[in-house]
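Multiple structures are listed underneath, in structure tokens.
Each of the next two complexes has chain A plus one more chain, namely chain B in the first and chain C in the second.
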Partner chain A sequence: MGMVLAVLKGYFIFSIVIILIYAFRHFIFAYNRAFGRQRLFYNDIIASDMPTISILIPMHNEEKVLKFALESLLECDYDRDRMEIIPINDNSKDKTKEMLDEYHSRYHFIRPLHRDCSNRGKPAGLNDAMKTARGEIIIVFDADYRPAKNMLNQLALAFLDPEVGAVMGRVIPYNTDKNLLTRLLNLERSGGYQADQQARYNLRLIPQYGGTVGGFRKSLMLESGGFDTAVLAEDTELTFRLYINGWKVVYANSAECYEEVPETWAVRAKQVRRWSRGHNSVCFRYIIPTILTKNMYPREKIDGILLLLVYAMPFMLALALLDSLALFFLGEMNVWSGWFVLLFVGAYNTYGNFAPFYEISSALIIDGVKKDVLLLPLLTFNFYFYLWNVSLGFLDAMVDLVSRRKVKWDKTVRFTEESGQVV
Partner chain B sequence: MRNDNQIKLKKKIHLSRTYRRLKVDRVSQNLYLFLWVIPFLIIFLYTYSIITFFLTDLAYFSLLPYLSMDEMGKVYSDFLPYFGGVYHLTLPDVVAPDNRFIAANMIFSLIIFLVCVSGRRSGHPLSIFVSMAVFIHMVSCIYFIFAPDYFPYTNSDYSELYIKQQVGIWLSFLSISGLITAFLGIGSIFRRIQTFIAIMLYSFSFGIIRYIVFLFILSKVSVLYMALMFFSFGPFFDFLYLVYIYGLYVEKVISVSESQEGKGVWEWS
Partner chain C sequence: MGMIVLIFAFTMLLFFPLLGGYVAYKKNNSQTLVIKQDRSKNPRYFADAFIKLFEEKWINYDGSGKLKFSHEESIIEADKTALYKSKCDSVVYAEKIDFNPEPTGIQFYKEIYVKKNAYLRGVIQLRAIACLSNVLIGENTEIIRWADAQNELIVLDNCDLGISTTSGNELIIGINCLFRRLYAPVIYIGQKPEQKWSAYNTIDKKILYLVPKTETKRNLKYIDKFLINESGIAEFSVVSKRNVTVVENIIVQGSIRSHKGIRICDGVIVCGNLFAEGNIVLGKNVCVLGSIFTQGDIIVESRVMIGQKNKIVSIVARGRIEFSENSVVYGNVSCEGGGKISKWLE
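On to the complex of A and B.
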């Protein structure tokens, strides 16, 4: 019994220490973004010889949204002789194919890739599209995204720096006023990009390539065998693959792109669970190489490890809560009651992708977002929401690892104004 | 020739949100931290014994209409080394709940659980929170069915547990509120102090009221609810008001920084 108690108490202390590390990390990010000297992107560079880019847009039944993405891209001020748009029609059953062919007939540089095969999913689609892409630089957008006019220029500029392997832009929700969930997601996005990503870029840590609103060098991906179709979080996988091989990912805070965020909790739960599953699979695969590589600075390694473990934390925390429940019924909570609060302090600060309240506050001050800041306390309830759904994703990843089962790509449900229905 | 309208318009233009940042005022940050937050923290560390003494008195007099004087008492327990112990109320010993009461609680918990996981409520953050609270309560029910004699706490033990947890909450909140208003705040020190005091006043009031309510439930209703109260209505709820009050402060900061008078708080990278 003594041994059991020692293990339970040890785990309790271990959890508190880990989550306090995350709390401290995010405090530094919040402070750095609010008061630190900001590392500018490459906006001031004027290049006459911009790279040729291929814009890849994975699509699966996107008839309701694809025109917004394509029309926004057509408005972009990038030299049309140096760009091509490849919408990847991945086994769509709606009018996506017809609509894309119609665009192709009007614009020669829109070259749809129609896939009708069993090997579905974003990574597989991107691999096929890269083989036909003419550009050296690949820019990726999701079908529900609406890039700003100068976005392509900004993203492509990064690749004039020979150390840069990938670039990531800022994502801003456009359907924020739909309901409480979309407002809360807007706060999270603000914290995640304006504060978290920019601070990591400032501090020369690891800004993360997010799989959309970003780009990478095609040659790097093709040389290393393209995207792994067994990985759901191909974005995180790319980030770590690049860093381990000595490349950098840069963050362009000024390259803003508008996205549709989930409007129902069910869709959000599914999305978060998928992210967690994919991210944790990458964590299992890359945590040792991240520690061992000689191509990363110590600060990058520390940040990389914390980043990889971000989606494992809610599961660790769920165990810590069960642990404290066991200690309670074993009559051992007396010793720890004063410190129990630290578990919650840490818990509330832990979800890296879902920045803590003070980091979001810093971002909102910078963004000048007034009224919605009062919704911040409601994020507290997300604590249990993420605890549950991210933990399920972690368990999915564990089962994937043990059983070697094949992962199935699952698209996030779209909500469009025009149709008035869920797509 | 100057166009006044254009000049007015120009004055409204703010630095783009992309790379602007706030001016650091290290003097006010340090003054606030060293002359307000840290002294406050030190004073609290050396006075929490006295605070718990008065808190216990308050709880004693509040519960007097419901419990006799002989049933309650005030005792001192050790807590943090160097800073002293805490006072807490002792209460009458617990009689384990009978099986019919436990069964009723189990059935009620199951119904709530089923409501939470069914239909459109399923997966909603509030449903998940309630489901977890119900889970904890069901564990407690099962414990009291199979091992009522082994339940390790009396009401007095819980009272001690609560006070220690509450001192932990106050210490954490003093540190968190102090740090966020010192390092992540801007503008007048007065407003920061106002926020800091509002958080701590609310925390003290909430902590005392919750203590009295919890002790009342344990003494007059059942000890069965001890785990539920400790885990589900503990520190988690304290964060709601901490973040809300801080949110009010941030809203004011944003209003000022976005106004004409607040233009000076910004710097460009």
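On to the complex of A and C.
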């Protein structure tokens, strides 16, 4: 019994320490974004010698939205001799193919790739498209995104820096007025990009490539075998592959693009579970290489490890909650004595998602939507929601690891039939 | 009773924030952040936007001496004005004549719009000027906001150029001038209109056609004679955690990226771009054919060429940029910490 209690107490202390580390990290990011020196992005550069780019747009049954993405891209001010657009028609059953062929007949630089095979999914589609792409830089958008006029230019500028392997822009939800969930997701996006990603860029840590509204060097991907189709979080995988090999990811806060966020809790649950599963499988694969690589600074390694463990945290926290209940009913919750109380109070002050509150508040103030700060307490719902769904994703990843089962790609359900009318 | 109060207080404290959040959710509508979809980078934006606005308003001008922009402004038509007050707080419009205000010592507190040439000798201060032809800004002039000329813009010594100074053709700036942003297809820095210098006339033109190499060497500290081929060319790019120094008279056929600073010694030619977290120092007679970007400061010694004819490059610093006289930039100069052009002292 003594051994069991020791393990329970040990895990309890361990989880509190981990929570405090994450809380400190969030506080540092929020402080840096609000008061720290902001690192300059490359968008003050004006250059006539820009790299050639290939814009890849994975599509699956996108007849209702694809024209908005393509028309927006046609409005972009990037030199057309240096760009091509490759919509990847991935086994669509609607009129996506016909519509893309019609665009191709009007614009020679729109070159659709029609895939009709069993190996569907975003990573497989990107791999096929990269083989035919002519650009040095691959820029990826989702089919319902509407890039602003200068976005391609902003993203491509980063690659003038010979060390940049990938660049990530900022996504902003446009369907925020639908319901409570979309309002809360708007808060999360704001904190995640305006504060978290920008602070990581400022502090020269690891801004994360997000899989869309971003770009990467084609040669790096092809040399390293393209995207791994067995990984659901191909964006996280790319981020760590680049850092471990001595490349950097940069964040372009001013390269903004609208996106749609899930409008039902069921779809969000599925999305989060898939992200968690993918992210954790990347964590299992890259945590040791991240520690061992000589191409990363210690500060990057620490941030990288914490980033890799982000989707394992809710599971660890859920165990810690069960652990604390067990200790309580065993009458061993004697934490109100000595130095222990500091940990206890600290953990409760940063309980779960309270820590990112610093970042979300800073971001909302910077974005000029101060009233939304009042919604922060409602994120408590999200905390328990994520605790459950992210933990399930973590368990999925564990099973994947042990059983080596094959993962299946699922597209997130779209809610807006014609996104162009919404924005 | 005490316990009931305690439970009530606990419950209230627990749910009060949620209640507040719910009220805020019901009361306030969502605000989708606005992305300016048609935003495009235009280094001459100030002048272009002002000219567009002015022309729109001028169509309906009734001769009253007033014109309504965001608020009502008084207008002086330079074509009908011989002398100006020493403190002029009207928008000035010169349509058919060269603008050459007298007497000396005038301060223009509002924008000036000139369709012919503008000669601003003896003006102490002006807020902004947009000109469709050539502009000459005399010595010791302070520009508060911006200056733009469609053709040639000449700035004599000892001027403060405000936030932005741009030209559609050529910019010539004297010594002891302060600036924040400069843009023109060619900018002669620390020079005079009668004796313009550019290394473009003397450089071996073959170098201009060298394609920067993407093969990368990592963590070099020096690029020296041991790393070059028989033509004196280092055929690689460099990414380094250390300070990088390129020793004299070497050609680097690539870009350089340092996590610290970069020192380019005299006579070096860099075919690619320079990126650094620390300071970048360019020695005498250096040519950088690509862009330069740093989170620190940039110090440029004498007779330096950045960019090349008919191409636009940028020199951008998070900190300061200090030029010495007789340099040339093809494109864009921008610094957050302020820029200065000084006399070259050996």
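Here is the rule we use: the second predicted complex is superposed on the first by the 394 of 423 C-alpha atoms of A that agree within 3 Å, B and C clash if a C-alpha of one lies under 4 Å from a C-alpha of the other, contacts with A are read in each partner's own complex, and residues count from 1 in each chain.
In this text, contacts are C-beta pairs under 8 Å (C-beta built on N, C-alpha and C of every residue); 3 or more make two chains touch, one makes a residue touch a chain.
On a predicted model such as this, the values are computed, not experimentally measured, just so you know.
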(request) Sticking to the clash and touch definitions up top, decide whether chain B and chain C on chain A clash or fit. (result) clash
(request) Determine, under the contact definition given at the top, whether A:Leu160 touches first (chain B), second (chain C), both, or neither. (result) second
(message) Under the stated touch criterion, which partner chain does A:Thr176 make contact with: chain B (first), chain C (second), both, or neither?
(response) second
(request) Check whether A:Ile365 is in contact with chain B, with chain C, with both or with neither, and answer first, second, both or neither. (result) first
(request) Report for A:Asn150: first if it touches chain B alone, second if chain C alone, otherwise both or neither. (result) second
(message) Tell me the contact category for A:Gly331 with respect to chain B and chain C: first, second, both or neither.
(response) first
(request) Check the residue A:Asp77 against both partner chains and state whether it touches chain B (first), chain C (second), both, or neither. (result) second
(request) Specify the partner with more touching residues on chain A, choosing between chain B and chain C. (result) B
(request) Kindly classify A:Leu40 by the partners it touches after superposition: chain B alone (first), chain C alone (second), both, or neither? (result) both
(request) Please work out whether A:Tyr31 is in contact with chain B alone, chain C alone, both, or neither, and reply first, second, both or neither. (result) first
(request) Look at A:Leu374 in the shared chain and tell me whether it touches chain B only, chain C only, both, or neither; answer first, second, both or neither. (result) both
(message) Tell me which of 23-31, 59-67 or 77-85 in chain B produces the clash with chain C after alignment on chain A.
(response) 59-67
(message) So chain A touches chain B in one structure and chain C in the other; where do those two contact lists coincide?
(response) 39-40, 367, 369, 371, 374-377, 380
(request) Within their complex, state which residues of chain A touch chain C. (result) 39-40, 42-49, 72, 75, 77, 146, 148-150, 153, 160-163, 172-174, 176-177, 180, 182-183, 186, 190, 204, 219, 246, 256-258, 297, 367, 369, 371-372, 374-378, 380, 423
(request) Could you pull out which chain B residues touch chain A in their complex? (result) 14, 16-24, 79-80, 122-126, 128-129, 132, 136, 139, 143, 151-153, 157, 160-162, 164-165, 167-169, 171-172, 176, 179-180, 183-184, 186, 227, 230-231, 234-236, 238-241, 243-244, 246-248, 250-251, 253-255, 257-258, 269
(message) Under the stated contact criterion, what part of chain C meets chain A in this complex?
(response) 17-18, 20-25, 28-33, 35-41, 43, 183, 214, 216, 218, 237-239, 241, 254-257, 272-273, 275, 277, 290-291, 293, 295, 311-314, 316, 318, 331-332, 334, 336
(message) Could you list, by residue number, the parts of chain A that touch chain B in their complex?
(response) 27, 30-31, 33-40, 194, 253-254, 265-266, 269, 321, 324-325, 328-331, 333-334, 337-345, 348, 357-358, 361-362, 364-371, 373-377, 379-385, 387-389
